[in-house]
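The structures come next, written out as structure tokens.
After this come two complexes, each holding subunit A, first together with subunit B and then together with subunit C.
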Partner chain A sequence: MDNFTRISTFKKAIRSKAFPLLILFVIMIVLFTALAPLNDANFLTTRTFISILRDLSVPGFLAIGAGCLMVSGGIDLSQATVAAMTGVTIAVSVGWWNLPWYAAVIIALLIALCIGLVNAILVNELNMMPFIATMAMSTVTRAVMMLIATDQTGQMQGSINYNNPTLTLIGNYEIGGFLPATIIAMIIAFIFYGLLLSKTKFGRSVYLIGGNPMAARLAGINSKKTSYILFMNCSLMGGLAGLIYTSRVKQGSLSAMATDQFTGLTAAILGGISFGGGSGGMGGAFIGLLVIKTFNKGMTIIGASSYVTNVLSGALLLAALSFDYYSQRRQRKRIGA
Partner chain B sequence: MEQYLELSGISKAFPGVQALKDVGFRATGGKVLALLGENGAGKSTLLKILSGDIKPDEGKIVLNGRELSFRSPHDALKSGISVIYQERQLMSAMSVMENIFAGDIPVKNGIVDYKTLKRETKKIIDQFGLPIDPETPVMFLSIAHQQMVEIMKAYRRDSLVIAFDEPTAPLTDTEIEILFNLIRRLKEQGKIILYVSHRLKEIFEVTDEIVVLKDGRFVTHVNTAETNEQDLIKYMVGRDIGDTYANLSRNDKYGDVLLEVNNLTTYAVHDVSFSLRKGEVLGFAGLVGAGRTEVMRAIFGADPIISGEIKLEGKKVEFKTPKDAIDAGIALCPEDRKEQGLVLWRSIEDNIIMPFLDKVRKWPFLDFKKSERVTIEAIKKYDIKTPTIDKIVVELSGGNQQKVILGRWTSSLVNTKLLILDEPTKGIDVGTKAEIYQMVCDLAKEGLGVIFISSELTEVINVADRIIVMKDGTITGEVLREEATEEKVLALAMASN
Partner chain C sequence: MSRFRKFTQSKSFLLIVLTLIILAIVFIVEPGAYNRGNAAQLMATLSYTGVMLCGIAMLLMSGGFDFSTSAQASVAMLIFAELVRRFPSVPFPIFMLCALVFGVISGSINAFFADGLGLMPFICTIGMSSVWSGLAALYTRGSTIPIRNATFNSIAAQYVFGTPIPWTFVFALVLVLIYSGVVKYTRFGRSILMSGGNPTAARLAGLNPRKIQAMLFINNGVLAAVAGLIWASQQKMGSPTGFSTAGADMTCLTASILGGVSFMGGAGALGGAFLGIILIQVLAYSLQVMGLPNWVITLINGSLLVIAISIDTFNVRRRMKKLGLKTASMGGPRMGMPGMR
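Coming up: the complex of A and B.
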């Protein structure tokens, strides 16, 4: 007991909450591979995985922003609305107002940042609960979005089409003709934010603030600044997700990505980022998403009805959450805390 | 029939530590049995086993001839065992009465009977003679009163076995007196009482027998009347440490004035003025709620200042946040480790480098080699009992948690000019206490100004060079160590201005 070493990274990974998910992932691959031939299909192909990763990129960006914020103990319920808002803004700017695509993108992302800024102000300066503040902001944003989506005749459009090949390319470009560029972007983003959280000063402060904001403040950690950055980053990630989505489907839609918000949050929680803050990380969030999307894809490939898929994915989520609850309780028990 | 509680062969291992190994002893009714041992000796673990919170790997618990085994804390309560934990377990947003009656809230027609609840709570509070309103949420009470609520909660259950884990750590003399009277009353009722404390004075005052643990093993079981401090320390530490205070090697050369506080007024303190020179150890004594902590928080930029000025090395300073104060060379070791000091679910390492993340950087990342080195230094300096540097703090024993905070603020990363220690020895064992006193003196020799707040009178009048006494947010007097006696300081602490 004289050279107090660290626990090895390997041991840490095994003990982390994301590890059981990884096992689940492997089990699913085996099962789907075995079951797919019954439906005259093939699961274990490059195409399947590329398609899974492609499905993952939009909620991936959402999960990155929401996850970082949650580690610090915050939450943002306006993120998906911001994503939709970004899409609508871009589509309207390009399709109706004939702005150049880059101007549209810049305006839309600036709006996203502003919404994040307002969230941060509500929480930090007016001391509102993040839950309430961001929910209210989500409502306000939705109203503004409807206003933007109202055309000259006074009709509100549910979806706005545009025609701009460059803009469309962002979400649809495929490297070498088969690998979507968005996958690469998403993976780079996960690695970047993963390193940011686990290896940098900023990341460490995020965990410490999430763990005990009062102690962090008394130790000179600037929690206000961190909170501003995280809220704005969360919105910006929502904006990027919206950009990719809008580009991919060639239109802006008022109802886009409504469920992706929860996919992102669920993935983050599955991967070990708890609502209370102070734990989990990007790796876990990624694996969480991977499990959810692989499940959905696999069910489609083996030809399950969407009804069964929904029921089972609900059950899967419940199982994962109760496992999480159980292991947390066991840990607390071990500690007697 | 004589009531008794017998433990035998109790063992418990945590990853990397054998917290208890084959511990056994017998406690009898109508007597107070002290559990004594260094930080990490296994005292709290033993009590958590008694309360059903932790399962022992091996061993038997027998109460009045009946062997007990618990599946949950609820079972232990039902068997008549109440444990008052070292770390408070209250629901802080709930009222005092709801906390005291938690688990047994009186109901009438399926609805909470607030009238009865309030009346019964009032009865208990009156028996204790405390100025607490049953309806206040617990979080608005002082730490001392929160602790008393914890004790009332156990008292209310009227259990046969009552175990106290360092109950006096957050209390001052007034509440300690109330507690001791209560313990004597419980004793007369024939209850079996276990008592853990690092304060030997209390052990001699209130206990009848003493069981000493060391590194998780049983060392001895003696009658309090037949032993003395020196022997006990030897059992605990394994060696003689001599007279703590007489052996201190103090600083006797002061430098320039380091800190000057003029007419400081905040929401909690009024017109406070004092000064501190480099190399001086300035003690702050007073009862709980005297405003000592609040003065320090204001200096540290943690509480807003209404009026008055603070000068550091002759220059007026205005700290908006603790960060400003830290950058200017001030370190504050807060009194409440769980709430204000530590991030419990993070590692020892994180908790130590917390204020100095800037200094453990190798762009763009953190410098993990350096932070590891700094952490190991602190672990060695204070002999923190842990197998690895990334053990999460919540898994450490109470005293070892306190050492992590001390290790943080006295680490080699700090460029501290002024070190403020608010109750630094709370929950620390005798051997380490002596080391902390010496460390305080050594830092003074290096030219630091040290402010030492303590509610233990003996400690503060023996360690500090000069003692300022506060009451109700104002300074009521000042004494030099040479002239300080407990009576004198106490008189000032209770003075009616």
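Coming up: the complex of A and C.
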């Protein structure tokens, strides 16, 4: 016991998976600051960092939902489609059906919850693999989205505009004129879910289910119920992300957030939530996301094309996976398994 | 049981009947759809998806999957198209070879991640898909590369003795027969099924499941390149998005599972998978011909996958129960991914 307490918080921080990411973050800042003048731009400014955080707030919600689910060993690939679906539903309800904005938001989030419920049923009751079940659900959701986006003349609209000042304010309100409120909301959500996972009985059970499902069952944990909650939570977070996004761009788009489909996933793995569950946390996921978005922003500032960023984001996912694999192997070796 | 009765109870029979029913419905609703043009177009789609199917179905039998198949096909045909544009005087078969070599390389990369490092095939191929399609978009800036080689372009336009069946379809059919023969009658084919169904037992029996799957990944890369070349010849161009927008690899996945290739690896025959892809393409074409809106087509595609996998999962569980095995590890809240070793 004495040995345990002697490992200082500092040492623990260095040993954690998020630490290399922090170093990577610092290196990136130095590198982009040095390279930015070549493109007649400036990287190290408050505006850059606020804009990075602002870019982060939409995928931040995705990462929270995906991260919690992954800790328990599940996965959801329909999240980004759910986000797009939420945006389209809100835009259609407000723009075409003239519903009040709060009704539109409630309907859209309820739909998101329903999709999460169907995912959970497919996985838990029909015993389908989460990976493929959610992938198929993503296609089904897309079909429903296309139906909703079909106007009276039978034409499918790629994007639906709406005009509602309150709704637009949700994603665009800036505290004091410079700090977007969504950043604060995202940080609060990260802290809330971080505490939920690490400090509560429910959070502990999520880790146990992810790490050793058999032991969890023997310990009397209702893993099915937890799985239902996490799948629905994942879709709900997708819905919130979609709400902020649609509020920001003032329209609902069928192709919204298509590029962010794997951002939440990559961030979670980068931050130490490993595949198969049982490890990692919200802090790591946040830093993972920070690294990804800083990288994207930096690439834009030094003038690289979006195509390059696309290629590198795939490479980043692979790198994160390989890194995860190696650290898992090292860990297994250490405990002699 | 007589051979005929066995056949009428098989999955293949069901697929054939379903296809005929769809064709009959189309005949009643839209008799004008039965023309040469539609038939030729259907056959053209079947020829490149058929080739792609062989790679994907074989990989599925070994318990793997490759989400980057479409992206690989796109890159392969872009390499070919660009080389033909740059060096018009060099005979084009050399460049076809280059495209196939790319297939070997990309397949090897997948094999390295999935079997060398032991990552989940499903996830690491998603990463590779993003890398390849990103590179394709980066090089072409999103536009297509026209192919102006008349000989190459006429390959896909060669029809069997005046029928609307192109030779490329015959090629796909022959490939399906060859691969199906390999699975059924050779030692290697048996070892694929065994290593997919029970990797531990396969290892104890002296097989190397990882090596077998690595070979199938490379095989899949090469076949993806071939499918890309067929598409390029049909469309007379190379396109960075031609395959991914059509979702060809997901179609092949659904078809394989419909045809009885198990998602958990270790079961299935290519003939059934080919019938599955005929059913899917006939269905897709019929829906289009009958003028149904786009969302219905997407919905049917998505539901078909869900239904096919539900049936597959149900069958696997029943089989396991018959053998007296526990089924807890199959799916459930855990990943239960094939290929996790």
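Structural remarks
Here is the rule we use: the second predicted complex is superposed on the first by the 304 of 337 C-alpha atoms of A that agree within 3 Å, B and C clash if a C-alpha of one lies under 4 Å from a C-alpha of the other, contacts with A are read in each partner's own complex, and residues count from 1 in each chain.
Please note the rule applied: contacts are C-beta pairs under 8 Å (C-beta built on N, C-alpha and C of every residue); 3 or more make two chains touch, one makes a residue touch a chain.
Just so you know, these numbers come straight off a predicted model, no measurement behind them.
When subunit A is checked against subunit B and against subunit C, the one touching more of its residues turns out to be C. When the shared chain is aligned, subunit B comes close enough to touch A:S279, but subunit C does not. Of the two partner chains, subunit B is the only one touched by A:I221; subunit C is not.
By the touch criterion stated above, A:Y207 is placed in contact with subunit B alone, subunit C being left untouched.
In the superposed pair of complexes, A:K199 makes contact with subunit B only, with no contact to subunit C.
Of the two partner chains placed around the shared chain by superposition, subunit C is the only one that A:Y325 touches, whereas subunit B remains out of contact. Once the two complexes are overlaid on the shared chain, A:F262 sits against subunit C while remaining clear of subunit B. Against subunit B, in their complex, subunit A makes its touches with residues 1, 3-7, 195, 199-201, 204-205, 207-208, 211-212, 214-222, 278-279, 333-337.
Remark: subunit A residues 72-75, 122-124, 126-133, 135-140, 142-147, 150, 154, 156, 209, 213, 223-224, 226-227, 262, 275-277, 305, 307-308, 310-315, 317-318, 321-322, 325 touch subunit C in the complex.
Interface residues of subunit B, counted against subunit A in their complex, comprise 14, 45, 48, 53-54, 87, 300, 302, 321-323, 325-327, 332, 334, 339-346, 350, 353-355, 357-358, 361, 364-366, 372, 375-376, 379, 386-390, 394-395, 408.
Contacts from subunit C toward subunit A in the complex involve residues 113, 117-120, 122-124, 126-135, 137-138, 141, 250, 263, 293-296, 298-299, 301-303, 305-306, 309-310, 313, 317, 327, 330-337, 340.
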